[in-house]
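Two complexes, one shared chain (chain A), two partners (chain B, chain C).
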Partner chain A sequence: MSKRIKQLVVAYGMVLPAFLTVMLTVAYPIALAVVRSFRDQSTGAFTFSNYTFFFTTAAQFKNLVYTLFVVVMTVAIAIFVAYLLALYLRFSHSRISRTIGALYLLPRFVPAMCAVYAMITIIRDSGLINRIGLLFGKDIHLGLMYHAQGLIVMNLWFNIPFAAMMITAGLGAIPDSIIEGARDVGAGRFKVLTSMILPLSVKDVIIAATFVWMTNVGSFTTPYLMGGNSPKMLGIALFDQFNKYLSYNRAAALSVIMFLICAVSAGVYIYSNLKDTEWEMQ
Partner chain B sequence: MRMKRIGAMLLACTLLGATLASCTGAESSGGATTAASTTTAAAEGGSEATPAEPAAEGGGTVHIWATGSDNVRQIFETLINEFNTNSEYAGQYTAVLNFQPSGTGQAAMTDGLAAAYQAGQENTEYDLVDFSGDDLSKIIALVGEDSFLPLDDTMIPNRGNVAAKSSVAPDRVQPYRGTTVILAYDSEKVPEPPKTLDELVAWMEANPGRFVYNVPGTGGAGDSFVRTSVYNYLPEEAITSADEQWVEQWDEGFEFLKSINPYMYSSGGSIVYPNKNQGSLDLLNQGEIDMCPNWADMVLSQRASGELRESIKITQIDPSFTGSLQTLAIPTIGSNPEGAAAFINFMITPEAQQIMVQQMAAIPLIDTSSMDMSGYEDLQGLDVSNFRIMSIGNLGTTFNERWDNEIAPLASIPE
Partner chain C sequence: MFKMLNPKRFYHAVGKHKFWEFIILAVFILFFYGPLCNMIMLAFADKYEVPNVLPQVWGIKWWQYIFQQKSLVTSMIQSFIIAIITSLLSMVICIPAAYSIARFKYPARKVFMFSFLLTNAFPKLGIYTSIAVLFYKYGLMGTYPGVIIIHLINSMMFMVWLPASAFRSVHRQQEEAARDVGAGPIRTFFKVTMPMAMPGISVATLYTFLASMEEAQGTMLVGMGRIQTMPVAMYGIILDSSAVQIGAVFAILLILPSVVMIFVMRKYIGPEAIAGGFKMK
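Presenting the complex of A and B:
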């Protein structure tokens, strides 16, 4: 056996256990689910009906649109607020900014279930805000519970700190010297923001947005505890299919649909990474 | 250098071998006993009958099998401890609990027991098994009544004190506690709760937005409300039948559910049905609604621990919501029928019943006059001899889907 072959055997031998584990526990179930999604539950024959069901049934299609609405709003608002927060944390050196900088990651350490219940006790129609209002003679009903707005508020609570963390890291990589340089040659604050900071941090914004997007498409706890009955977010609709109706093939099809929705953002993520590599290679 | 490479190669081979071995190992052991091997104790019981280890004087060990939520585990631990140390059988038998939490594998316990029967095993550790109404119907359908020993008063002297009878295999299972869905209400807002369904509907119409039931499929209380609402229009035998023919007769009941929809709880301008039993109970406790169907034990135990306000009370309406009896049965393949019978006898003593009342707000099945019911007086008003049992099997799935398609979309249209 030549030296080269031996080396190859060793190399592949080392990789094989990890490779097999991934194939068995990730790739194989995914492949099975995809195959299942094209099969009729009772006959096993090839069909598209598991997919068309989600686009032709009014209630299911509403769920899809509703989920996209909640997710798009969450991404847009979370990124906007997180960007402002990150700018403040990066360029202000006051005591307040340092305190916020130390505290803003705390929500990441609160278990999701506790956070959701805490939010519910504050915003529900008989919650904290309502009770404070009653002290001043006002019966405030926010109407957030069981509606999209409530879900978005909760999602923002989870995602703003996360997005801000990623964007802050990106902004931290912009050296003070180039900003000072730009100011020296007469660029105003706004010009510095639009021509220097934004272009230099856009990649981190995209990455943060893709992560927020992906984690919210399949969210379950928040919509289960705070969402209404109709329309529902896809995570709940999926739970219904496999847990309530035992329609495993439709559940598989819905999983694939959700995967494709997530894949949109994964595509953006990979594209922005590739572009970056090209730039580095030049 | 060379040694290093050989070493690395050896390591890689070992790792690969280990991976493969563990795969095949898992496969070969995953035969007939898969369902029973959820716990290590179960694996022993499934494969070979290990004789009871620290054979206590005379009777030996009794293996008790139960499944359910954590409160079921806690109550069994308390009762078994009491049986082993304080009862008349202390020192004679030693009871051991094999508990399978629900949710980790649907009906793992009944599947394991059925597998043991079908594999023809004998002298197993399935000495005594605890069944909910659903599990009991399921296991009887799988292995037949004859798989359990007939029970009589000589084996279980206290048996005569229990009036309640199981609807399935009444001579072979012993009911020992009950649980039922009731109407929970806030007695400050509703001093005189409705006594019939018609009165309840009239109350809903007079007080829109003050009643709700949880989404069926997310909790038994909502299931019970919608199913009894629909099955009130059907012949009595339909409620315990999984026959497809009844599906066609649901229409009238669903029309009824549609007709009460506008009077349900609303928030943010639309009708809302909360998820889970706890969802509607929270709304009741917060004062956002005044009545909801819920489980008797859930309401009373939360009230006793201070989570619910004192003014929240329970009542039953006519026609009633559904309830079920929890039963114990002795499998013929067990190895200690005398010990099992002794444990059953213990479970229907006033002492054991009292523990179940105080610790889980279970409905006692014996005369309560000699028991301390303080804090749980509401339980005494519930008639256990006349539980309305529901078992519609797989129709439940079709039922929930129809509710989701017909009633849930209405939710967005407020009154």
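Presenting the complex of A and C:
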């Protein structure tokens, strides 16, 4: 028994510093922010007005809808393309697929603003595409800068490789033998895809979608450098509330709203992980 | 050779399957690497006026310009110092936690595990602004400790989950064997467990270092302009740069650490290794 206690002391002793760091630097400030979001900035009285502000003010509500549109489009397109790419990387063994397999990890490590800047040099009005167009006598204006489509294109640049990487890792765990087994008993390619590969990889798709969703709801760098002034992504709106208008309580309320939008996917994620019986809590 | 430039001829020459593969490759390279290549070209363009696709004059004028700017050079040094301290601190705090979660069984273990998801589930900027309010109170705004705390939070989930999955894949029997021949628990950890989990730990540390190198929004908010890391300086350059080349040169300097690190650690970096940091298997 005393050995068990000793082990518990060691286990807790090792996990607590990290846990307390998260509690102190993340959970505690968030808890304070939640409390603050229900307080009036000047009087400190209880109020819902910090929240209603973002739903009743036309410009703010537009920001919310705009953000949801960009995020939903990003998640949908990124996951769809990433799944196809992952299937290709997993089941094709050609030189080209190996080349792509070696190259698609780099975008994950390119600092966000460098990638955004590189994209700007291509799509801006005096950018590469416009200049190439001029060679052929056409004045091309993509209209991507300061528009939702531009943000989505940039988000895809970041998120397709990430999602493809997560899904490839999942597909890699499916042994060739069971697929061959299915083919041997007469299942067609499509049947193998829908009734074996999709169900076996759905968890990785959920994980990928969750992280794509969460990182894009609060994205800052891309809209800061490429986004328009109105409507704005919520990340920029939050920065403005805090830095420009110094209304900390509204900023807190907006953080909570964004958190709730993220929480939808975090909930799905945790649920799908808890179903996993592999190393359940004893 | 030039006959191949006709798509129809090319299609019949290589066959349907190969043809589509080449199309995939071309789209992939153009979309993901086109912008980066264009930026590298711009960095070496002394003169690059509107209708020209290629620079009129090549050269390293803008590189010299960057290295003459004292503030930009200082920002590079600051970036490195902060990234190194963040990585070390993160290792000291997180790796024991990862080991504990991977090896011991105790109540509320999953609660500890998921607590690290909090750093990624709550919008980053929401966390930063919430912390900033506290930092104002305790005088941490615009200081190194403040900025380092922000960077630390960013990487904690990854730094716990990835080494945890690495530790879990080390067989317990191997540790027991070492214990049987008389090694103490600490020696077993450093001589057996740690080396075997090293790939996971190094990828996590690399990730932490690079994430710290590129962190911009939190540093801008908490650093208040007093702490100018490279990415913060980059915001300024992008938003009010007179010449597009300055941004290009600086962006390449910012990417360089990533490229070097990935090259050095290419053996360990793969989809499986990175994906381990995002799930709890």
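Just so we're on the same page, the second predicted complex is superposed on the first by the 257 of 282 C-alpha atoms of A that agree within 3 Å, B and C clash if a C-alpha of one lies under 4 Å from a C-alpha of the other, contacts with A are read in each partner's own complex, and residues count from 1 in each chain.
Quick note on the criterion: a contact is a pair of C-beta atoms (placed from the backbone, for glycine too) under 8 Å apart; a residue touches a chain by one contact, two chains touch by 3 or more.
The structure displayed is predicted, hence computed values, not measured ones.
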{"item": "Touched partner set for A:Tyr224, first chain B, second chain C, both or neither", "value": "both"}
{"item": "Touching partner for A:Phe53 - first (chain B), second (chain C), both, neither", "value": "neither"}
{"item": "First (chain B), second (chain C), both or neither touched by A:Ser126", "value": "both"}
{"item": "First (chain B), second (chain C), both or neither touched by A:Phe38", "value": "neither"}
{"item": "In the superposition, chain B vs chain C on chain A residues touched", "value": "C"}
{"item": "First (chain B), second (chain C), both or neither touched by A:Phe61", "value": "neither"}
{"item": "Chain B versus chain C as contact partner of A:Val10, first or second or both or neither", "value": "both"}
{"item": "Touched partner set for A:Phe69, first chain B, second chain C, both or neither", "value": "neither"}
{"item": "Touching partner for A:Thr21 - first (chain B), second (chain C), both, neither", "value": "both"}
{"item": "Common interface residues of chain A - those touching chain B in one complex and chain C in the other", "value": "7, 10, 14, 17, 21, 126, 224-225, 243"}
{"item": "Touching residues (chain side chain A, partner chain C) in the complex", "value": "7-8, 10-12, 14-15, 17-19, 21-23, 25-30, 32-33, 36, 88, 92, 94, 96-97, 99-100, 103-122, 126, 128, 131-132, 134-135, 157, 161, 165-166, 168-170, 172, 204, 207, 211, 214-215, 217-218, 220-221, 224-225, 234-235, 238-239, 242-243, 248, 251-252, 254-256, 258-259, 262-263, 266, 269-270, 273-274, 276, 278-279, 281-282"}
{"item": "Partner chain A, residues of chain B touching it in the complex", "value": "5, 8-9, 12-13, 15-16, 19, 23, 215, 217, 267-270, 272-275, 286-288, 397, 400-401, 404-405, 408-409, 411-412"}
{"item": "Sites on chain C touched by chain A in the complex", "value": "21-22, 24-25, 28-29, 31-36, 38-39, 42, 50-53, 93-94, 96-97, 99-101, 103-110, 112, 114-127, 129-134, 149, 152-153, 156, 160, 168, 210, 213-214, 216-217, 221, 231, 234-235, 238-239, 244, 247-248, 251-252, 254-255, 258, 261-262, 269-272, 274-275, 278-281"}
{"item": "Contact footprint of chain B on chain A as seen in their complex", "value": "6-7, 9-10, 13-14, 16-17, 20-21, 24, 58-59, 124-127, 141-147, 149, 224-225, 228-230, 240, 243-246"}
